[in-house]
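Listed below are the structures to be examined.
Each of the two complexes below includes chain A, the first together with chain B, the second together with chain C.
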Partner chain A sequence: MSVSYWRLRDRYYRIIGSICDSCTYESFPKFNTCPKCKSHDISDKEMPNTGKIISYTLSYESMPGFEHELPMSIGLIKLDNGVNIVSQLVDSEVEDIKINATVKAVFRKINADGNSGQIYYGYKFKVINA
Partner chain B sequence: MIIPTMKSSTPVYISGYGGYVPKLRLPTSDIAKLWKGSGSGPNEAKSVANIDEDTTTMAVESARNALSMSGLCDIGAIFVGTESKPYAVKPTSTIVAQALGVHKTLAADFEFACKAGTEAMQVITGLVGSGMISSGIALGVDTAQGRPGDNLEYTAGSAAAAFVLTNNSKRSIAKIEASTSYVTDTSDFWRRQTESFPRHLSRFTGEPAYFHHVESSVKQLLSEINLKPSDFKYAVFHQPNPKFPIQVAKRLGFTTEQIQPGLLNPIIGNPYSASSPLGLVSTFDVAKPGDRILLASFGSGAGSDSFSLLVEDGIMDKGPNYIPLTDIINDNKEIDYATYTKLRGILK
Partner chain C sequence: MNKVFLIGAAGTAYGKSNLTARDLSMLASKHAIENAGIKPQDIQASFVANAFGMAEKQGHLGPLLMSSLGIPHAPSSTIEAACCSGGSAFREAYVNVASGFYDVMLITGTEKVSHLDTLTATTYFAYGGDYLFEGCSGASFPGLYAAMARAHMHEYGTTEEELAAVAVKNHNNGMFNEKAHLQKKITVDDVLKSPVVADPLKLFDACPFSDGAAAAIIASEEFMNRNGLEKKISIKGSGRSGGSGSLHTREDMSSLESTIRASREALGQAGISVKDLDFAEVHDCFTIAEIIAMEDLGIFEKGQASKAVVEGRTAINGEIPINPSGGLKSKGHPVGATGVGQIVEVFDQLTGNSGKRQVNDARIGLTHNVGATGGSCAVHIFERE
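Up next, the complex of A and B:
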């Protein structure tokens, strides 16, 4: 596992973002300066695990290491707190992946460094109510 | 022969539970078509983990459900029972802990073929009952392996089950009344280091292994706590196939009706360490306060753990996020054998 991924594992495992302690603005991924009020009083915040699809695509072109997962569905999701997040969509029929479909976060394998290297885990989303 | 019945000095309760079954199903008729030309296996289908699922991902899903139901955050132990760890050396339990945001905790992986999950329950019962920790999570989870063409391939499925055990009686779903464990050195099923698939001694897995150990642990439990099969509303036995749990129930004096709610092998196969724990999840879904449940696991090598559980009022409030196991199982998609081999990396 790369050191950078390990450092960010709470982002991937638990969808940890940020909340501004001054104006309560929330964002994912984390930020150091609030983009809304410029405050530096920032805390970690676990994002909600449900939201709605606001856009999506079905990719037939693989990124290296994802050849076995084609075609791959990728969604732009508005979480229940209004924060947008991009995620792979899994366990969902293509006909169910549509704008405004409700999705829920699931914990999945993202990739691995070959058969002997480390395994990368993180969030993906699945449609729970088309 | 004396097998001590284990009772904690202070009461231990189950305050949350969660099951996880992957979406994909392989009909056993598809396996039979390839290897025998026709027919089917003893079960209709088996659950198959997707290409991005493994023991760790399923453990996290079931643990999140159990923890959400319990409402507890003071978790002092996370023990994962499995024989299909993604890493031979590196614990699954620490990844589960990180995903749950729990760090001040014991964490370990247990292995005892198909009974590692109930073993984790017994150890946490001891830790909670002794006052060393207030709560812990016990998991049984496997992406079960079966060599292509072997009889095991028909039944070896994938699933997870998690239970939060605690000394807090406020949200008690069930009280753990007592448990027993019975073991011998019996080589009915094994997998050597570096081997991808287990081996077994065919019919040897029945009488000297499954039936001897399950019957021994259950009889001792009933004797020690002075209960009889009719005192239990439900019973859950390990399910290597659909036939064995029905047979052992009959031999011990339980009826088919008592084991029906927890009998999942016909539709998802045998998810090894998750088999009897998931049967308990399914049984909890229909249980009412005052019901008594017998849980009896079996693990090759060989051993059996038996529990007496008394369902309490917390069973009526599973929380707003709880999804019944039936709904999870019914949300499925059929795949063919070729897809199965691709997803599970069987063709090498």
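Up next, the complex of A and C:
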């Protein structure tokens, strides 16, 4: 996945999505035509770094590269602008991870290609107000 | 559109197989051709449903299958829509025959995944969703369905015991299906005490990874008349919809918009309401998926389906039997074969060949097949002639 990840680095590093210049609809990741008003006038937009958990799971099943982190918390988060994002939840007590808890994005190492390969960085979220 | 008939359908046993996806597809196809009462050379074209061909380093299965049937000239392409590959392949074949372009088509779904370790298999499933923005954040497929389950529980008060009742019911049905992967009676307690996969979903809330194949043959009315074939089952409606390819870009986490659209299209064509259905085969990759499917299809109000399962209303002898085959949960989930396998169950039910799991006087059946977290959905409605 190294090439795909590098190409999408602005989205992983700074949570860059899109905003429709006509109707101000925002979404993550980027879109080319506005899903609401169908305008093609779209600009990049950095998403807010805080939001609330709308659903979550404590997962015992791994994806490649996350084996050492099990069990891991995954959140479905509604950012402050109403845009949803899926992210790992870290630096949080399991009992604080609940629906409507406030979370904030943190910059973290996400994964790596073995011990000497490329390291992937990006966003994770942590609970700041349970 | 011309009237189209389902004239033959057959599947292999689902489970762990020592055959390749290619050999499994040949067995199912040959059997379906036999029970359709036609010759291989009557088949003009075919669609193959095979989602994870690369797991065996074999893509482009169609020409190999056609060659094995002695009809290498017949065109065949793979249709891939993750777990909805089978239903999608059937839909595309239906469009070809209903439009009058072809008279007879074969649809074969096949998959071989049991040789993969769990991490690899889980990763293949994640490739069918939004891999870069969900899978790469660590969210496995069960993880995403767990988030849907949690949202449904939060919104409607659905409980883990109610989810478990879906698994218990489907295992009960699968006990009467000698081709089912998991022929084992289980209890609510067994489900609740099984290992957690992605909280609140446990191992027994999930379908197994299965090998297997299923095939169906459809034909035009003109072909049936010309060859004096008995018209047993007609295709009354075909619905197909896309939905958000990612879970997080959906408006409602406890509903699949693609199921709502595809089912309304199929029901509209058939000119019936869900109340007219005698049974349905729905996409229960996880127990929560069967609950959401029944609600989105309109069989039960939102928040009511899980109660109906607990009350036995969806059992084989209930008011609307759901997944008499055992569903993905017990019968198994050989990804590309799954959607076609649902149609095999409809064929068996509507021809009265379902043995101990036979739905009493089954006349109209529906199939519902979903890809990923709802990015694709295919719904078909069949009626006994």
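Operating definition for what follows: the second predicted complex is superposed on the first by the 129 of 130 C-alpha atoms of A that agree within 3 Å, B and C clash if a C-alpha of one lies under 4 Å from a C-alpha of the other, contacts with A are read in each partner's own complex, and residues count from 1 in each chain.
Operating definition for what follows: contacts are C-beta pairs under 8 Å (C-beta built on N, C-alpha and C of every residue); 3 or more make two chains touch, one makes a residue touch a chain.
These numbers come from a predicted model, not from an experiment.
Participant: Should the pairing of chain B and chain C on chain A count as a clash or a fit in the superposition?
Facilitator: fit
Participant: Once both structures are overlaid, what angle do chain B and chain C make about chain A, taking C-alpha centres and a multiple of 10 degrees?
Facilitator: Given the fit on chain A C-alpha atoms, the answer is 150 degrees.
Participant: So in the superposed three-chain picture, is A:Y56 touching just chain B, just chain C, both, or none of them (first/second/both/neither)?
Facilitator: second
Participant: For A:V106, select first, second, both or neither according to whether it touches chain B, chain C, the two together, or no partner.
Facilitator: first
Participant: By the touch definition at the top of the document, which applies to A:N129: first (chain B), second (chain C), both, or neither?
Facilitator: neither
Participant: Identify the partner contact of A:L76: answer first if only chain B is touched, second if only chain C is, both if each is, neither if none is.
Facilitator: Second partner only.
Participant: Does chain C touch more residues of chain A than chain B does, or is it the other way round?
Facilitator: C
Participant: Should A:D91 be classified as contacting the first partner (chain B), the second (chain C), both, or neither?
Facilitator: Once the two structures are laid over each other on A, A:D91 reaches chain B alone.
Participant: Answer with first, second, both or neither: which of chain B and chain C does A:Y5 touch in the superposed model?
Facilitator: In the superposition, A:Y5 touches chain C alone.
Participant: Give one of first, second, both or neither to describe whether A:S39 is in contact with chain B, with chain C, with both, or with none.
Facilitator: Touch partners of A:S39: none, neither chain B nor chain C.
Participant: Shortest C-alpha to C-alpha distance from chain B to chain C once the two structures are superposed, in angstrom?
Facilitator: 12
Participant: Considering only the contact definition stated at the top, list the common interface residues of chain A for chain B and chain C.
Facilitator: Of chain A, residues 69, 110, 124 contact chain B in one complex and chain C in the other.
Participant: Which stretch or stretches of chain A touch chain B in the complex?
Facilitator: 9-10, 13-14, 46, 68-69, 90-91, 93, 106-110, 119, 121, 124
Participant: Within the complex, which stretch of chain C touches chain A?
Facilitator: These residues of chain C touch chain A: 118-119, 122-123, 126, 132-140, 142-144, 146-148, 150-151, 154, 195-201, 246-250, 253.
Participant: Would you pull the chain B residues touching chain A in the complex into a rising list?
Facilitator: 23, 50-54, 56-57, 60-61, 64, 86-87, 95, 98-99, 101, 333, 342
Participant: Under the touch definition given earlier, write down the residues of chain A that touch chain C in their complex.
Facilitator: Chain A residues touching chain C: 1, 4-5, 8, 11, 27-29, 54-64, 66-67, 69, 71-72, 74, 76, 84-88, 99, 110-111, 120, 124.
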